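Before any comments, here is the structure.
Which chain is which? They are A, B and C, in the order written, and residues in each are numbered from 1.
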Amino acid sequence: MAEGKLDALCDISLGAFLALKRRNPNIVAWRDSLPYAWLDPCPRNLEFNCTREPWNDKDMRWAINYAIDRGKIVSIAYEGTTLPSIAPFPLYPPLVKYIDLARQAGLYEKYPVDKYDTTRARRIIESKGYKIGKNGYYEKNGKILDLEINIPESFIEKQRISQIIVEQLQSIGINATSRNMANGTWTEEGSYGRFTAQVGWGTCSSVNEPWSTLDAFNARWALPAGQRADLNHWRWKNQAFSTIVDSMGVLPLNDPKIEGLFIRAMEIWLNELPIIPLTQARKLNPFNTTYWTGWPTEKNNYIHMPTWWQSAHRIIHNLRPAGH
Amino acid sequence: MRGLTKEYVVKRLGMFVLTVWLGMTLIFIIPRLMPGDPTTAMITRMAAQAGRIENSAELIAAWRSHFGLDKSLPVQYLSFMRGAFTMDLGYSLAYFPTKVTDMIGRCIPWTIGLLVMATVMSFVLGTIIGALLAWQRTPRIPRMLLSASLIFTSIPSFMMGILLLYLFSFGLHALPFGGGYDRAALPGWNGPFIASVLQHGILPALAIVVCTMGHWALGMRGMMITTQGEDYMVLAEAKGLSPGRIFFSYEMRNAMLPQFTALALSLGTIAGGSVIVEYIFTYPGIGYLLYMGIVNNDYALIQGIVFVLIVSVALAVLIIDLIYPCIDPRITYQRK
Amino acid sequence: MATDSKGSVQKKLGTMRSPLLNAKLIAGLLFAGCVAAAGLIGPLFWNANLSRVASSPPNLPPLLAGASPDFPAPSVDHPLGTESNGRDMLALLIAATPNSLRVGLLAAALGVGLGILLGFTAGFVGGWVDNVIRVLSDSIMTIPSLAVLIVVSAYVRQVNLENMALILALFAWPGPTRLIRAQVLSMRERGYVRMAVLSCASPFDIMFKELMPNLLPYLAASFTGGVSGSILAAAGLESLGLGPTRVPTLGMTIFYAIRASAIIRGMWWWWGFPILMLVLIFVGLFLITIGLDEIANPRLRKAKTA
């Protein structure tokens, strides 16, 4: 792309984008200035297989949450171009409204998802009977506390995230490792429940109302490990939560009753934390305006940015030769 | 042909078959000795493609039974070897249902072009440099320059490739960053395409040549020095032959022979090194295809490419071994 | 008394300088020694934990590069700069060098050990044993070792350094075997060996007391050559991304650098310092090898002055 041979690329790092811009000033992205990137609707999470010991215990999942420093992930894995995530939703304005509702209801004081507190993490783990063994890891009954995180190979972003998580968990005594696998294999392992943890984007659904994503956690979709599940790969079953979500689902959009149901559902969800929300996803796609103009940008947002969705044909039709 | 006896040819052919068999056996056995089960990995990988292609279930089942992937180890081994010897390398797991032989066929011309050119240049240049370094009559300054050129021997060729990329592509903007040819050029026998192929081939070839010619040079220098101590050299000087004739017809010719042996022995290493050079330059040869196979967990493609590499190197060694007696008269005389 | 083609007579005895004071050998030992020292005593002076991901501010250039508008300002805390995962380059070099050296040493030790055993056996026993060993070693030398290594690593993924060394040793033994076998074959007919055989010395005694001392320079040259080759193979594999992910190694650093487009980003320090370290190792081992070659083969010594 630096030589002007390509017109568009998919998601690159900030450093690579700035290097490209230096060589070819005609390269633009969604925004004109930092963070340049477009906010993607699929936030990234550390997702657990809630049927596997000891991660079927919500306290252990919370311990991992306290052990992860989202700020580091944002500043290093993303080079500062994204925001931390404390709910399974993208930060689009309609959903931000719902997250604020949860905050006003005091849910985030009761369940401080965004807190980074390694002492608290260690306390929780030790309260479950784990002790630091001779090689520096927590042990119980002779078994080391380990966590294998599956990563889809072609996403550099996920690999960078998992490297940081692995380091942070290792530093408090959990033998965390990350395992790269081909995309197809990664999806298979996820659907069949053959994983312990993965960095994924399975909460991708809601864009302007909360039911869509919350329904992905519905107990109805949770098939036993070994059977192929379409949703709820995490196999999290909570009947109270599922009943609330079902009653949300039959209401029309913007029905006032939804807010109350939402707060009740989020209370259960935050208490259990089946998946740990990490960061908002962002896509930094460079477009080359040397030969074609009319790419979607923040200032010219006739359509959202993705060139990998069916909406891409609208982008192609909107392109004009440069200089016209 | 002078020097070639039937038993020699048979022996060399036997070595060829043995080398290929040994290589394929190692590829089969070693992954199965390590923790983890390669068969399950392969089946999982195949099944991951299942949702995308029609009739893939039948194709996968047929392939599974053909290669005996769910049978016992000895049966698997036999089907594995059978597939290799009939050049039925199966289907790529990542680009199912493309055949592995098709993918390799597309990439092999690039590798052959680059490697053959670079190896020949490196061998010729290195041998000449080594001979000149050993000859007493080389003047001082060229001798020092030649010695300096050997410094690069210690740098592996792919690291040299990174340096060259940084200097010429990033720094001077003079040569392209990678790829085999300009995206804008239409492949075919036309001027712009051929020009862009040559332009893209300069840096990879340079990396390989500069870093491997030192081996030939040093080997040649060592052989020349040994040759210089032989008795027939004393006789040649006593006869009053010109220094140039002594250098070419006597010293170089006799020192060259072990060089060919060295060439044959090092072809394996050259093939290996080229994989990484192609990866650095994203040069569309089988080295880069191998890397893509690794990234995609495409075990069938990986095995296929490595098989082709082993066979190619063994074949090249066989050819050199068959030519050798024709140029080394000592072997003929030894038989008598 | 040996004569060279110029007809002058060279005295074997009374040469002023001992052959061990070979300039190349000493220079090589110096290089290799510096590299080894960096790994061994480096952790005493610099915090090796800074080689972990997210331990330092990312993308800092080294001090000698000076300030640049494209990167944050260099800092004394990170004299060789940092890379974009937040690792400090100096700490990375200190932590990674011993790992890279270890693989090479282990693989070469195993390879040469096996080579000595098989080479002696082939040269001494002869017959069909010799034929089998010779054919096997020629075969394995022809197989492109990196290709086989790639296949194995692709299946296993989380290759730890010890397993990698084992597999590298599998390809490292043919070279020493050929060498030892050739030397044993030529020495077998020498006077002192025949004396030992006549006086009913056991094969072991002959091997270790008579042959081995004369073979030491060849063995040492074989060993350093093997170390060099193994480190190169390991670095090559790691540069393709097939090395251990959490243990820092020089090859994996290069891999991360290429994958993060460090070349086009102008972050030469990210791949430059690991390459420099590896080149120092190779140059050092190379000098040692040819120095030992010259000790073993006196003709090469004389040729320098020609």
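FYI, a contact is a pair of C-beta atoms (placed from the backbone, for glycine too) under 8 Å apart; a residue touches a chain by one contact, two chains touch by 3 or more.
Note that this is a predicted model, so its numbers are computed, not measured.
Visitor: Have a look at B-C versus A-B and report the one with more C-beta pairs in contact.
Guide: Greater number of contacting C-beta pairs: B-C.
Visitor: Select the chain at the greatest separation from chain B, using centres from the mean of Cα atoms.
Guide: Of all the other chains, the one whose centre lies farthest from chain B is A.
Visitor: What whole-number Å value describes the gap between the mean CA coordinates of chain A and chain B?
Guide: Spacing between the chain centres: roughly 45 Å.
Visitor: Round to the nearest whole Å and give the separation of the Cα centres of chain B and chain C.
Guide: Whole-Å distance between the two chain centres: 22.
Visitor: Which positions in chain A are in touch with at least two other chains?
Guide: Within chain A, the residues that touch at least two other chains are 2.
Visitor: Please list all residues of chain B that touch 2 or more other chains.
Guide: In chain B, 177, 295, 297 touch at least two other chains.
Visitor: Going by the contact rule already set, what residues in chain C reach two or more other chains?
Guide: In chain C, the residues touching two or more other chains are 157, 264, 266.
Visitor: What part of chain B is in contact with chain C in the complex they form?
Guide: Touch list, chain B to chain C: 15, 18-19, 22-23, 26-27, 30-31, 34-36, 38, 41, 134, 136, 151, 153-156, 158-159, 162-163, 165-166, 169-170, 177, 218, 222, 225-226, 228-229, 233-234, 237, 264-265, 267-269, 271-273, 275-276, 279-280, 290-291, 293-295, 297, 299, 302-303, 305-306, 309-310, 313-314, 317.
Visitor: For a test of understanding, state which residues of chain A touch chain B in their complex under the given definition.
Guide: The contact residues of chain A facing chain B are 2-3, 5-6, 153-154, 181-182, 184-185, 187-189.
Visitor: Which residues of chain A touch chain C in the complex?
Guide: 2, 12-13, 15-16, 18-20, 22-23, 72, 75-76, 79, 156, 160, 163-164, 166-168, 170, 177-180
Visitor: Within their complex, state which residues of chain B touch chain A.
Guide: 44-45, 47-49, 94, 176-177, 182-184, 295-298
Visitor: Which residues of chain C touch chain B in their complex?
Guide: 4-5, 7, 135-136, 138-148, 150-157, 163, 167, 170, 232-233, 235-236, 239-242, 254, 258, 263-264, 266, 268, 271, 275, 278-279, 282-283, 286, 290, 299-300, 303, 306
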